Amino acid sequence: MGPEKMKEIITDVLKDVDVVIGYKQGFDKLHATPCFINKAEQIEEIIWSPVCVQNLASFLPSLKAKKVGVVVKGCDSRTIVQYMQEGLIDRSKVVVVGIPCTGVVSVKKVLDKVNHQPIEDVVFEADGAILVKTPAGETKLSLADVSPDKCSTCLYPTPVVYDHLAAEPIKSVKAPEDVYKDVEEFEGKSLEERKVYWEKEFDRCIRCYACRNACPMCVCQDSCIAESRDPHWISQKSNLSEKFMFHMIHSIHLAGRCVECGECERVCPMGIPVNALKKKLNHDMKALYNYEPGVNPEDKPPMYTFSVEEKKIEEHKL
Amino acid sequence: MSEIAPKELRIVGFLCNWCSYGGADTAGVSRFRQPTDLRIIRVPCSGRVDPLFIVKALLNGADGVLVSGCHPRDCHYTDGNFYARRRLEMLKQLLPYLGIDEKRFHYTWISASEGQRWQKTVTDFTNQIHKLGPLHSTTEAHSGS
Amino acid sequence: MDVINLTKSTDWNFIEEVSKESGQNPSLCYQCGNCTAGCPYTNYFDFPVSQIMRLLQSGQKDTILSSKAIWLCATCETCTTRCPCEIDVANVMDTLRIIARRENKVSEKDIKLFYDTFLASMKQHGRLFEVGTLMAYNLKSGHFFADAELGPKVMEKGKIHFFPNNIKGRDKVAKIFTRFQEKAKKHG
Amino acid sequence: MRVGVFICHCGSNIAGTIDVAKVAAEMRKVPGVAFATNYMYTCSEPGQDEIKEAIKREKLNRIVVAACSPRMHELTFRRTIEKAGLNRYFLEMANIREHISWIGLDKEANTNKAIESVKMAVAKAMNNKPLYSQSFKVNKRVLVIGGGVAGMQAALDCADGGLEVILVEKSPSVGGMMARLDKTFPTIDCSICILGPKMVDVAQHDKIKLYAYSEVDDIKGYVGNYQIKIKKKATYVDWVKCTGCGACMEKCPAKNSYDHFNFGVAPTRAINIPFPQAIPKKAKIDPNYCRQFVKGKCGVCAKICPTGAINYEMQDEIITEDVGAIIVASGYGLVDMDKFPEYGAGRYPDVITGIQYERLLNASGPTEGHILRPSDKTEPKTVVFVSCAGSRDKSCGIPYCSNFCCMYIAKQAILTKDHIPDSQSYVFYMDIRSPGKGYDEFTRRAQEDYGAKYVRGRVSRIYPKGKKMVVVGADTLLGTQVEVEADLVVLATAVTAAPGAPQLAEKLHISYDTFGFYVEGHPKLRPVETNTAGVYLAGCAQGPKDIPASVGQGSAAASKVQALFSKDMLESDPAVAKVNENTCVGCLKCIMTCPFGAVKEKELRGGRIVANVIETVCAGCGVCTATCPCGAIQLSHFTDNQLLAEVNTICQK
Amino acid sequence: MAEREYAYYSGCSLEGTAVEYDMSMKLVLEALDVNLKEPEDWSCCGSTPAHTVDHVLAAALAARNLSIIEKMGTDTVTVPCPSCLSAFKRAHLGMAGDASFKDQVNDLIDEPYNGGVISKSTLQIMYEDIGLEEVAKKVTHALPDLVVAPYYGCILTRPPEIAQFDDPENPVSMDKILEAVGVKVSSFVFKLECCGAAFGVPKRDMVNRLTAKVLSMALDSGANCIAVACPLCQQNLDLRQSQVNALMGTNYNIPILYFSQIVGLTYGLTPKELGIDKLIVSADDLIRSRITVEELAQNKAAAEAEEKARKAKQKEDKTKTEET
């Protein structure tokens, strides 16, 4: 899966749009960074490899006025579908360049494996192995060992929406029932264990809002109620209840909307499993309303609609 | 709070103005005895109840939260309780994942004529909360900063 | 009927006792008479069933417990089925019989005797010994020849067993009775 | 911020179980509270004056009244503070009566609860903002649902007062139940003779637009501006052409059609005019029986009709009308006979209902006023009336009294004697309920002058024996079971809510009780209002009642509408949603959830998109506020900050 | 058809005075491929007498049997006798609805009953579980002379909260079963009227007067026999019919058959094996005309053909007269 076909496509797409968003190499071979291409000569900068982790679709709502081409992986493509459901983008002004993807790397996991040595080179071999060169020598890793959790249950390696596809589509080999195995496993713990777990995790939060800022579905941006006085939902105090409350705001606002791109967790400097609550909510939305975010543009997010007879909601008895 | 009798627990109720608040009034007019733990917040419609109010209450010292609206199809605002049902059910399922017993939160539908049903709901819910005991707020133990 | 002094003769404990044991609230009765209207035995009763309910509401314990009506009720359940107030009237009658027994106020000795003979047979054999029960009843009641004319008819049809069918676990059945009696004694 | 707190004793209603002085004293300690007092009757004139004076004297700018339910007196106190120069939305109430003093006896716990409840109200009041109403135009047309005597009275009173009236009646003719009655109690005057002229007035009044055989399909809007969709059901007869000559009915071969007007006491034709005095007097086809529909061929009526009015292809039609107020007079239903299997449950033809008996008595009924029992068309000599067939019967799910059966049974017993002088009537009853003027005398006359035998007890069962119906009941006064061998048994079947009453209530957004009867605004003081502004009640839709009471309510509802329409403009409730354009991010999720379509997209000058609320359309439910992730759309008077203030008062760790 | 299996609690009467109910019921159920398992060493249900002593005792006497049945591994017990059935249901429902009552009952018996047995009358399993269609399939014979008044007695369907079967005021299950096997059923309004139950012995006069009404109404309905589902009803109506005649001066001679006997007759079982000979009021005359359904069909066809011929002839005659 070389970037050559993608570059060809982008050359074509660029004639028709104001800007194309793709990936280019960052400060070392392990890091990719978004690039905004509006001139043909920039196209050569474009890269595609498992280090291209960012969700580039996140830029779309803020570029609503422009016609934009965007490079998306399967997981990222669900963001576009969700934007369509919520009317946050004009699909006719977006050209989607899809890349079927067999998994990306978690930069954190790679760095852990090489003891946070400076990266000299990263080579992705044809057999899926990754060679990482550092001053301490060369480490051979397998993609499976260093990919983020979301890749291990990925049901959509091929984008669910695209105008151009940069490679042959790939079928998912993952079982849908495995997607929420972690949720169900966690539900097996006792109430007390769960409580202790979250208190410990949220207590580490430094309220940097990186998770929120990276989230493609956090539409409020500067109007986030975590920082407003009118309404005044939480104070700026750094105690557990306020931190807990912030994460509840984030989670509940994403109920039935989170496309599980994992950006929140990727950017968290404290390594808090921020995505887990949203996965739990998605798990429930599937069970209650047979709804999966970012899959079908015709769907309506479940919190913005209702059925007169809710088949799956039973009246609660005291 | 200092005034609270030690036997009382902290229960917050969100009641829609048209049905459940009226139902609680009916229960009062009929002199149906109820436990005193509940504090009622009047809202126009159960659809006004942002699930975050419930979370906020539970995180900040409430031992239980009760939400009551008009029966489905009887909403004064046509659809408000239909939205409420989805949001509240979402929260009901989420709470235990956070380690908060879902029995601490109850939502139901009571009409303005159902004074007796209101009495039963308040009594049963209060008893349920007493059975669970106080919810030692997560925050107290760990709020170091 | 004597004048009933409602302030003095109302036995509130009795009302409470019957309510508790039957699980029925006598106050629900508004004296429509539907139970009496449907009662097949009412012409044998000294008080129609609706008046038993009324007497119960007024706490007239002695009158009720010494009435024939409560014993002549055969529990056909018509009253219960048709009561507009959803009172299980037959259950109330049943409870009144139990209390009458307990307080030794049974007016219909024959019926009680028949029931007792029945239960004694059951206690002894584990199952009902029809002939034995009938004979024992006739002996004790003094109605020596009751139904005597029917005997040959039944005998002819080969339906009568002259020996009881003693079950293996009859001691276990008897134990149920003894346990019950012990318990009753303990709780006075 | 200077909050004034007024704690009401409500006589001993509150002060009996709450230490009101202590509550007031505690309030004085609350930051922001400038003044707190307790008073015997705060809603009384001196009580209100005290508030007004305190506002001026203490320079109060937020007022908390701790008293009864705001559903009772919020408006009273809003007016009070407005008179003292404050914005009416600066008032908050704490409900310490219905929610505290009346439901608990523990004075200490009650007092504590009252203190916290008032603190909550104070906290909320400190967040209250002044709100101002908008005026909007009233559409001075009124919709009356139901063309029975209550609905007709309401329609006529409105129309006579100059209002345009839309009258919707679901059956083919106006008249309702009263049109089916033979005579009326306690005067024994002919029902249709007094109703007929009203029916004609309704038909001829130039201010009344009658939609017969029509139903209300959909209601949108709010007081002053409703949009109504009316479904005109297909009659298969062009009513413009139909002259009501009745030729079709005579020739129709489908002679065994169910007669809705006569409650099936005798069959009718598939095409029929329900009764001679019908308004409008037009024919209608019942497709369940019409051979053209059932078998696909017949066409007799089409051939016979002199004006060519028959149209087998007719479809239901939807018509839109705009009105400003609605009077609901949708009437009642009767409990099904199959609730009484012990009475034969419709298995025995000679056990009939009271309303069926009316039709047998009625000169324009199927027997032309001769009482003939259904089974063999003979004159019954012994007639038994069973009152409370379903009424006051919890096992039937009908614990209430049906109000007028005692009276019509007495009437029917009298009429039976009039029709058949050698007949004997028996009436099984539990209590005779006859509290109206001249009513009790009437039931006495039935017994004293007409010899009806009243038996105090319920009937347990009815079974046929030969040609007779054996009625087994009790005479509780005798203390015995009684039997009557009757020729005809008439059951006074219980009054129920009209079929479809809950569905109509849902369209109107009004409440109904467990039994389907509509709930009035206040059981004593607002008997014809509902809790939905602009919707009024009349007649049995609100609960069983007799003709004079129904007519009275019809007139009362009409006068309420007249009062509402006496102004050209109405004031909108300003407690509606408002958008903070600075923080709105234009995600427009509020538009997705608003039940009223009151939120629209708006482009600011810079091109930014924000949400915008149309204030007169917004009903103030707050669904949008709970939807908005950034808290930019806030329901006034119930903002996040106001509710958070209450939550924070109760929950302070 | 899948074979059904039930525990079968016959009760004391069916060992003695109602032995023909037992004989016929077992044969009919066998014909319907129902496998019956008798609980080992069952005891008397306690019946009405126990209920006059104490609710707990009464429930315990019934629960001892339920506990035995529970251990058999069958979840449903079928009971021919309504009195036993009622005792079982009351015990079961009382214990299910009230934990402290359950404990009190279990304290009296050796092996506790845990609430795992559903009790149904044999009438109910034929009507609901097996179904009219299956019941009708086994019919081989017709009983052209029979007009049956179906008599349910008081407690088979009442009170509805306990019986949980059929209509408490107008039951139809027995009517439908008898109709399904091709028997004429009269419209009988005294289906549920009490026969006097257990008072046959101590209050004979009362019972005789009550049964007299039932017998008279059965004749009024056009019936020539009564079908019952209760040993006590049968005894009061059949055995005591002579007493009724003596007391009331009547001469009723109405056979009182168990509904299972009638069904058995239509299944081609012999009167002897169905215990018809054990009835006091003989039914022999009524059932003598029993024929196979084939014969019945032939007879019917023959009658129809005759009727047709008669009509044709009539028509012919008519045209002839017209011609002339």
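In order of appearance the chains are A, B, C, D and E, and numbering begins at 1 in each one.
By definition in this document, contacts are C-beta pairs under 8 Å (C-beta built on N, C-alpha and C of every residue); 3 or more make two chains touch, one makes a residue touch a chain.
Being a predicted model, the structure only gives us computed values, none of them experimental.
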Problem set entry | Smallest count of steps, each to a touching chain, taking chain B to chain C | 2
For this session: Would you identify the chain whose Cα-based centre sits farthest away from the centre of chain C?
Result: A
Seminar exercise, completed: The chain whose C-alpha centroid lies farthest from that of chain D is chain A
For this session: State the pair with the higher C-beta contact count; candidates are C-D and C-E.
Result: C-E
Exercise. So, what's the distance in Å between the C-alpha centres of chain D and chain A?
Worked result: 55
Problem set entry | Averaged-CA centre spacing for the pair chain B and chain A, given as whole angstrom | 36
Seminar exercise, completed: So, in whole Å, the Cα centroid of chain D is separated from that of chain E by 50
Seminar exercise, completed: So, in whole Å, the Cα centroid of chain B is separated from that of chain D by 30
Seminar exercise, completed: Two or more other chains are touched by the chain C residues 78
Exercise. Considering chain A alone, which of its residues make contact with at least two other chains?
Worked result: 233, 241, 303
Exercise. Got the chain D residues that touch at least 2 other chains?
Worked result: 342, 461, 593, 627, 640, 644, 653
Seminar exercise, completed: Per the touch criterion, the pairs are A-B, A-D, B-D, C-D, C-E, D-E
Exercise. Which residues of chain D touch chain C in their complex?
Worked result: 342, 388, 392-396, 430, 456-461, 472-476, 479-482
Exercise. In the complex formed with chain A, which residues of chain B make contact?
Worked result: 51-52, 55-56, 59-60, 72-73, 79, 82-83, 85-87, 89-94, 96-101, 106-108, 121, 124-125, 128, 137-139, 141-145
Problem set entry | Contact set on chain B toward chain D in their complex | 1, 3-5, 8, 10, 12, 17-19, 21-22, 24-25, 27-29, 31-36, 39-45, 47-51, 53, 56-57, 60-62, 70, 73-80, 83, 87, 111-114, 119, 137, 139-140
Exercise. Any idea which chain D residues touch chain E in the complex?
Worked result: 341-342, 345, 347, 461, 463-466
Exercise. For chain C, which residues are in contact with chain D within the complex?
Worked result: 30-39, 42-43, 47-48, 50-51, 78, 82-86
